[in-house]
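As written, the chain order gives the labels A, B, C and D, with residue 1 at the start of each chain.
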Amino acid sequence: MKHASFIFGSWGITAVSVAVYAVWVIRRGRELAKHATREEMPWT
Amino acid sequence: MAGQSGTGTSATRRLGVLVILMLAALALCGLWFSAEDVVQGSTVRMMYIHVPSIWTAYIAFGLTGLCSAIYLSGKNRSLAWDRVAGASGEIGVLFVAVSLVTGSMWGRLTWGTYWVWDARLTSTAFLFITYVGYLAVRQLGGTHRQRARRSSVLALLAILEIPLVHFSVTLWRSLHQDASVANPNAKVELDGLMLFSLFLGLVAFTLLFVWLVLHRQRTMMLEDAFSDRGLDVAITARRNEAGA
Amino acid sequence: MDTVIELSGVVAVLGQFPALAGVDLSVQRGEIVLLQGPKGAGKTSLLRVCAGLMPIERGSGHVLGIDLATNREAIRSRVGLLGHANGLYLDLTVMQNLQFWASTVAATESEVSAAMATMRIDGRLAGVRASQLSAGQRRRCALASLIVRRAEIWLLDEPHAGLDAAGRDELDALLRSAVSSGATVVLASHERDRALGLATRTVTIDGGGAA
Amino acid sequence: MNNTTIHKRRIAIAVARKDLTIEWNSRILVNQVAPFAAIVMVLFAFALDNDGILQRVAPGLVWLATLFSMLVVIQRSFTVESADGALDALRVAGVDMGAIFVGKAIALMVQLFVLELMLVATAVVLYGVEMTMVGFCEAIVTLVVATIGLGSVGTLYGGLAAGARGRETLLPLLLLPVVAPVLIGATRATEAAFGSGGTTVSEGWPWIGLLLVFAVLFCAVGTVAFGPLVDE
């Protein structure tokens, strides 16, 4: 494929940025949830 | 494995799996099965990731504005609306940043330079800076209600400002190629599978956005609850200090 | 007698810090109430809550019959808060400061001269820039602006700070004459002895709660 | 109702007069901001070092210098309020925030207008700009309309940044993206007025329309939004 580095690069940048953000949110949520009570987590 | 230990529920987990499957399908369709464009060649494959990113950013900023308006107009002024607005704004900044980067890479291939001063690119850069400012104002401190009121007003100002900036930048300079799908005279002619890939991308990214907002606003709820609880602890401490 | 300030269980926060952790307070018209307690006890925050400037997180309160939780903005035009800062424009003269306040509430020229007379501001002092005044002169200028604004309750935070002995006695006399002409005064001080002679009642506050 | 309108107008006038009196007493604009703006114009000339280019870009330089100086003037406008807790005092007194906004915005507009006149004069002298009579009128209209927009939006965001103590760096971040339409519109209109790069005077009027939309919009919005942004 022509321009493969640019094409895969742009897909890669998008994937990595979103993945890093998602992992950060999930981990932070788990960390905080460890110390939270049921009332503070109305979605459970 | 996660059980009830995080910000997930069975619904978000099912949504998450669906999003991952759709993104995998998008990668297959966009990078492998779909044909190359007559004019743009292989670079059209960048569209399937770039267009959904900027689409998601617009949805995100729209949701930020909507929730801010609901927060300010509601009688009881529920902080939940402010948290959704904040979560959505943060995710919007992420996606607009990503689409600026992929957009300039796409530009390098089609125009030969990473940056051209065309209307859409420039006003997207302004969009990015505006919402970075919005996030900075959310970090200013004060009570949750102060944060909520300040940032909601700012979000509504941004909604007002963006069309104005876009309009003036468009007047200033307009050389960009027209939007691919909306304009029949566009250089890109999409066949069936290419169109399918693009719409698959739009749907997948929208669901990804929903999943991210759900999780992020729940973490924000926990952050707020913890600082409130910190308040309870501090009140007790002050009372004890008074008794001593 | 009629109650002008009525607080119960008020909690107020500064950032994430609970400056008030459940305060009860009741003040009658015409009183000079001294809030007494160590530095950082929450006196300033209590005054700011009474002025409708700081939102209350929990508890309930009324000032001049107005609910602090729902309508604190309405209180503001009827009380005067004098904090550590005097609220003066330093690049304006005393007279220009007072005239500015007068024009915001449509006070007449004669009301301004009356306020200046009460606070013993003469023609020479009136022409001096606020940045060149002594601490006591600034305080007098600020109190004069409270009269011009027609404040019904005076909330004074450490009004004696930075004044010499003569200045303090003078301030006490000025406050007594203000009360006799219809004002209610709540003042905060961490110097127990200084304000005792002035006050008609003392409330002790510590650790963000009034006892 | 009519009574409150009169009341608000009186407060707005009092605030504007107060801010201008402060400037008259302290001469910050004349003694510090104006020399700063002038030296920026001279530095542009050093940096570009070409008469042709200077004439071509003179309108843009005038407005860039205006924007940078405006940041200083806005910060000064709110330092005056917070130096001795005067804005707090106004808030305690329940003075209408919308009226304070209008007053402070008017004072800022007057100061900016003076500054811009000086900058345009500097450009005419230093960069060798030549104007026709119609061009001169157009330049004046541009200055007035752009200044109304800048003054209102500057006061609005200045109040927000001032409410957050010790965060002065926030003001440029929030304000500069918002005033982009003014920079674009005012520069193009001034180019037409100056005749830079072969533009004709008639090309300027649509840009003045853009400036007008901006000015009307932010005057209206600022009056409503200033209170919630500044209040605790």
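Going forward, contacts are C-beta pairs under 8 Å (C-beta built on N, C-alpha and C of every residue); 3 or more make two chains touch, one makes a residue touch a chain.
Bear in mind that the values here come from a model prediction, so they are computed numbers and not experimental data.
Peer 1: Based on Cα centres, what is the most central chain?
Peer 2: It is chain D that sits nearest the middle.
Peer 1: Counting only C-alpha atoms to place each centre, which chain is farthest from chain B?
Peer 2: Between chain B and the rest, the longest centre separation is with C.
Peer 1: Between C-D and B-C, which chain pair is linked by the larger number of C-beta contacts?
Peer 2: Top pair by contacting C-beta pairs is C-D.
Peer 1: What whole-number Å value describes the gap between the mean CA coordinates of chain C and chain D?
Peer 2: 37
Peer 1: From the mean C-alpha coordinate of chain B to that of chain C, what's the distance rounded to whole Å?
Peer 2: That pair's centroid distance is 48 Å.
Peer 1: Report the inter-chain centroid distance for chain A and chain C in whole angstrom, where each centroid is the mean of the CA atoms.
Peer 2: Taking the mean C-alpha position of each chain, the two centres sit 52 Å apart.
Peer 1: So the centre of each chain is just the mean of its C-alpha atoms; given that, what is the distance between chain B and chain D in Å?
Peer 2: 33
Peer 1: Pull out every residue in chain D that's touching 2 or more other chains.
Peer 2: Those would be 232.
Peer 1: If I count partner chains per residue in chain C, which residues reach a count of at least 2?
Peer 2: Where chain C meets two or more other chains at a single residue, that happens at 55.
Peer 1: Residues of chain B that touch two or more other chains: which are they?
Peer 2: In chain B, the residues touching two or more other chains are 141-142.
Peer 1: Which pairs of chains touch each other in this structure?
Peer 2: A-B, B-C, B-D, C-D
Peer 1: For chain C, which residues count as touching chain D in their complex?
Peer 2: 51-55, 73-81, 83-93, 96, 100-101, 103-106, 129-130, 145, 149, 151
Peer 1: In the complex, go through chain A and note every residue touching chain B.
Peer 2: Per the touch definition, chain A meets chain B at residues 1-4, 6-11, 13-14, 17-18, 21-22, 25-26, 28-30, 32-36, 40-44.
Peer 1: List the residues on chain B that touch chain D in their complex, please.
Peer 2: Residues in contact with chain D: 72, 126, 129-130, 132-133, 136-137, 140-142, 146, 149-150, 153-154, 156-157, 160-161, 164-165, 167-169, 171-172.
Peer 1: Quick check on the complex: what are the chain D residues that touch chain C?
Peer 2: Contacts found on chain D: 7, 10-11, 13-14, 17-18, 21-22, 25-26, 80, 83-86, 88-95, 232.
Peer 1: For a test of understanding, state which residues of chain D touch chain B in their complex under the given definition.
Peer 2: Per the stated touch rule, the residues are 156, 160, 163-164, 167, 170, 173-174, 176-178, 180-181, 184-185, 188, 206-207, 210, 213-214, 217, 221, 225, 228-229, 231-232.
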